[in-house]
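In order of appearance the chains are A, B, C, D and E, and numbering begins at 1 in each one.
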Amino acid sequence: MAQVQLEGSGLTCVRGGREVFSGLNFAVGGGEALLVTGRNGAGKSSLLRMVAGLVRIAAGRMGLTGGDPERTIPEQAHYLGHQDALKPSLTVAENLEFWSRYLGGAGGAMPALAAVGLDSLAELPAAYLSAGQRRRLSVARLVAVRRPIWLLDEPTAALDRQAQERLSLLMREHLASGGLIVAATHGPVGLDNARELRLGAAA
Amino acid sequence: MAQVQLEGSGLTCVRGGREVFSGLNFAVGGGEALLVTGRNGAGKSSLLRMVAGLVRIAAGRMGLTGGDPERTIPEQAHYLGHQDALKPSLTVAENLEFWSRYLGGAGGAMPALAAVGLDSLAELPAAYLSAGQRRRLSVARLVAVRRPIWLLDEPTAALDRQAQERLSLLMREHLASGGLIVAATHGPVGLDNARELRLGAAA
Amino acid sequence: MPIVDLANPSRFLALTARLMPWLIGATVLAFAVGLVMVKGAPDDYQQGATVKIMFIHVPSAWLAMGIWALMAIATFGTLVWRHPLADVAAKAAAPIGAAFTALCLITGMLWGRPMWGTYWVWDARLTSVLVLFLMYLGVIALWRTVEDPSRAARAAAILTLVGALNLPIIKWSVDWWNTLHQPASVVRLAGPAIHPTILMPLLAMAVAFLLLMVTLHLAAMRNEILRRRVRTLMLMQAQAAPGSAS
Amino acid sequence: MSALAALFVREVRLAVRVGGGGGIGALFFLIVVVLTPFAIGPDLALLARIGPAILWLGALLASLLTLDRLLTADLEDGSLDLILMSDTPLELAVAAKAFAHWITTGLPLVVITPLLGLLLNLDAGASAAVALTLFAGTPALTFIGAIGAALSVTLRRGGLLLAVLVLPLTVPVLIFGVAASNAAIVGPVPFGTPFTILCALTLASLVVGTFAAAAALRQGME
Amino acid sequence: MSALAALFVREVRLAVRVGGGGGIGALFFLIVVVLTPFAIGPDLALLARIGPAILWLGALLASLLTLDRLLTADLEDGSLDLILMSDTPLELAVAAKAFAHWITTGLPLVVITPLLGLLLNLDAGASAAVALTLFAGTPALTFIGAIGAALSVTLRRGGLLLAVLVLPLTVPVLIFGVAASNAAIVGPVPFGTPFTILCALTLASLVVGTFAAAAALRQGME
């Protein structure tokens, strides 16, 4: 994988008819993590969804250099939002396998489940998971399919301390292998030399 | 309000046919906070929902002394779960006013909104709120209607630092006025002399 | 006047504000002329004075169909060029189209009572107007469900375009359906060839209805633009208000 | 009481805001009635003969299918938890919700019935008779439907499951509703007999529906 | 391709597990057909005369009303975000989902039609004709319905709104479906004419439905 670089310049975000932020610039390279911080409603989640192609870019532009030129940015990104994209009636393994196959992953689901400590629950319906277990299952998606860009919205929410540590380990591995991370967060995520992008305003 | 005391003894919780915990004992008095901690899936949320009367008590008993003898425990408790009980098409103020009236609160909604810093968004549809703003709106419910027992499931999730501080202020005021708190959490909630109830096992 | 200028909502408001009195005047005048001509038109030897319903019925039927076409064109502008006024035009047109369709249905039914002895028959033409009315109601329901205008606009645009594709098919299949099961009781609509003494007043009324529609549409568009401004102002105010928070 | 009033107001407000819950039900009713001749053919005599039946079937479907989200929406956003915890009796809360639903959905159906009667070639008297029976009978549909709504909360399924659970229970209401309409239109039974039974069914289902729905919700708690 | 196969398998699995999405549709169909005689009265000749119409109306409602959650469920749990982000073309994903829906809901309707024909006093040949027309026509209903499903995602509403938006568009399918059935049963038109048109309508709606639904989803993005 060539050294990737994600850049946004002059980005403006409009949601529900209101301008959330404007003229925002940022750049993250491979091996780097960018922590997006700011008050509630400052537009952290909106920025992530914008990179993921889920919120329209009202003005400005977003570019990726060094990635796969045939694929768009969202196609090379993992998005971990507030919703878990899990179907309660499928088992843990079935849920993960589906996403792994749909997103074009190679290996089976079990190694990824083991990586988040859910292997013992593989055959349980996802309906039976606790909040933190659901979150871990979402994280397993990031492991099962390799993609250079990780967009993480409050990734540590609901995770217990061990799981938080395991997540920061996964993030460090991802960075070490040349990936990049953009994470919205209100607290520390266990990365030492992450840069911070602070969004202003909003209650 | 007389000095309240919430006690559980020999509690067993069964969910989806599996035993989550058994023989659990705890007691919290007025002015005290109990932090329920433990791994993901240990049963923290289940315990809170049990106190709230939303999960069946498989064995053991739960009792309240010193409260209003005419009312059950759930009727004297606030439950702040992962879901926000908000209707997207109602405005922020309408949402809060409804709960305040339904739960038998006295004052209007505005002071409570101000207490969580949402007064400027009162006329906005709740659909437009960010994750943290939704959470704040739920917290406002606790302020709008006085109840002695607060059951908080990961109360700081999605809140920014200022909002977390404001929440711990509200919690301290609640304790000072003789209320009690049972909170499930993975991190600090900003209370100094809270006791901890650690649930064992689970991934 | 270059059309680009009109694309700007403020220009549009200013221009239409000046145009509006003239339009209203022209509409009133056209109706006055039309009604006088209608009064002069001879009664039908069979139908008597009821034939005069036609002067309302037929123009509203024409507009009922025309307005969907207008909406289809406007929504095309929404989807392709994201034209700021296109979705305003489409949204404002829907209730007006529904109203003219309803007028066509109601006058037709009132006319049907003396002519056929019943308010309604499942004749092909009647039925396709009814389906058109249902589709107007569907689009209006869709507009009403979403507060966010630009989102609603795009959804309504797709529905309108699919509807525009479908309307000819519906019309044609309803024709097929009715000619197949044609019950004897239905009187054919096509009367004797229209005589000039009827045609002229009819055309005059058609012009008056067209002017009425243009007036109503522009007024509704102005309303919609202003409503959106109020909404934006409210949102901005909600955001800017100095809360105890910041 | 004030709590119930607040709930009622919220429900009506939601129904009106969310694109007119009631409007949609009435529109669905209209469309179903309009579609029938396409399927059956434009035979006026036949349509008039089965007109009351079509209107009743349409109203039945429109009532039940809008009930789908009556309680599931509250389950999904956590409102139901708080309603269960509150000291307002669950029965009253369910009744307030069902009543709000009838006001916003059942009543509009009754109001547009005379109009639809025209399309089906019913004369004014017949339309009025059908509208009257619907006025008396739709509350029964809503309250019986509430049982299904509560069950589908318990089962965490919505949509058609509700209709499937509830439709069989509505058979008596349907039979006596249509019978009363036909009695008013063609006889020979006097209108009063089936209509009285219909009203009795409605009263019974107000009670049974409320209690059964509340019981189902309570049982549904884990 | 493997991604689409995975999606298809997931959809079928969900439909089967969630209390039989298809089963519910078929049950709803059954109940509507069974209720009709209650409303119309037990006139066998009349029932046979309008039998195909009832079957088609029932199938229409059963198809559309189960489509409600086709895309909304994915919106609510965030799956739709990931589907939009993936490199699988959205059109294909929509088509795969709609196809899975038809397999699990449309096909069961076709299968139980001969059974319901018995209840409506249709002879074997007539039942077979109706089943054949449903087999050819229900895909059109599903794919036209997909447009409504996509729109109701955009609007964050489901339920009857979908039916209200989509039902008028299905008029041609209904007309030619019933016409083909009747042609096979009583004539005088040869069966081939309306049936060919029905098939053409189905093919057209496969294309239009897929593209319009995908466009609606894309436009619905904020």
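Note that in this section a contact is a pair of C-beta atoms (placed from the backbone, for glycine too) under 8 Å apart; a residue touches a chain by one contact, two chains touch by 3 or more.
Source: prediction; values computed, not measured.
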item	value
Third chains touching both subunit E and subunit A	C
Any chain that touches subunit E and subunit D	C
Angle, in degrees to the nearest 5, of the Cα rotation that carries subunit A onto subunit B	180
Pair of chains joined by more contacts [C-beta pairs], C-E or C-D	C-E
Of all other chains, the one whose Cα centre sits farthest from subunit E	B
Geometric centre distance via CA averages, subunit E-subunit C, whole Å	32
Rounded Å distance between subunit B and subunit C, as computed from the means of their C-alpha atoms	54
Distance from subunit B to subunit A - Cα centre to Cα centre, in angstrom	29
Approximate Å spacing (C-alpha centroids) for the pair subunit A, subunit C	48
Residues within subunit E bordering two or more other chains	18, 76, 155-157, 161, 164, 167-168, 171, 175, 222
Of all residues in subunit A, the ones touching two or more other chains	15-16, 18, 39, 82, 127, 202-203
Sequence positions of subunit C contacting 2 or more other chains	131, 134, 137-138, 141-142, 145-147, 174, 177, 235, 239, 243, 245-246
Contact set on subunit B toward subunit D in their complex	15, 49, 52-56, 71-72, 74-75, 77, 79, 81-87, 89-90, 94, 97-99, 101-104
Subunit C partner contacts - residues on subunit E that touch it in the complex	147, 151, 154-157, 161, 164-165, 167-169, 171-172, 175-176, 179, 189, 197, 201, 208, 212, 215-216, 219-220, 222
Subunit C to subunit E touching residues, read off their complex	79, 131, 134-135, 137-138, 141-142, 145-146, 151-152, 154-155, 157-159, 161-163, 165-166, 169-170, 172-174, 176-177, 180
Residue ranges of subunit E touching subunit A (in the complex, touch as defined)	2-3, 5-7, 9-10, 13-14, 17-18, 76-79, 81-88, 221-222
Residue numbers on subunit A that touch subunit C, as the complex places them	16-18, 39, 201-203
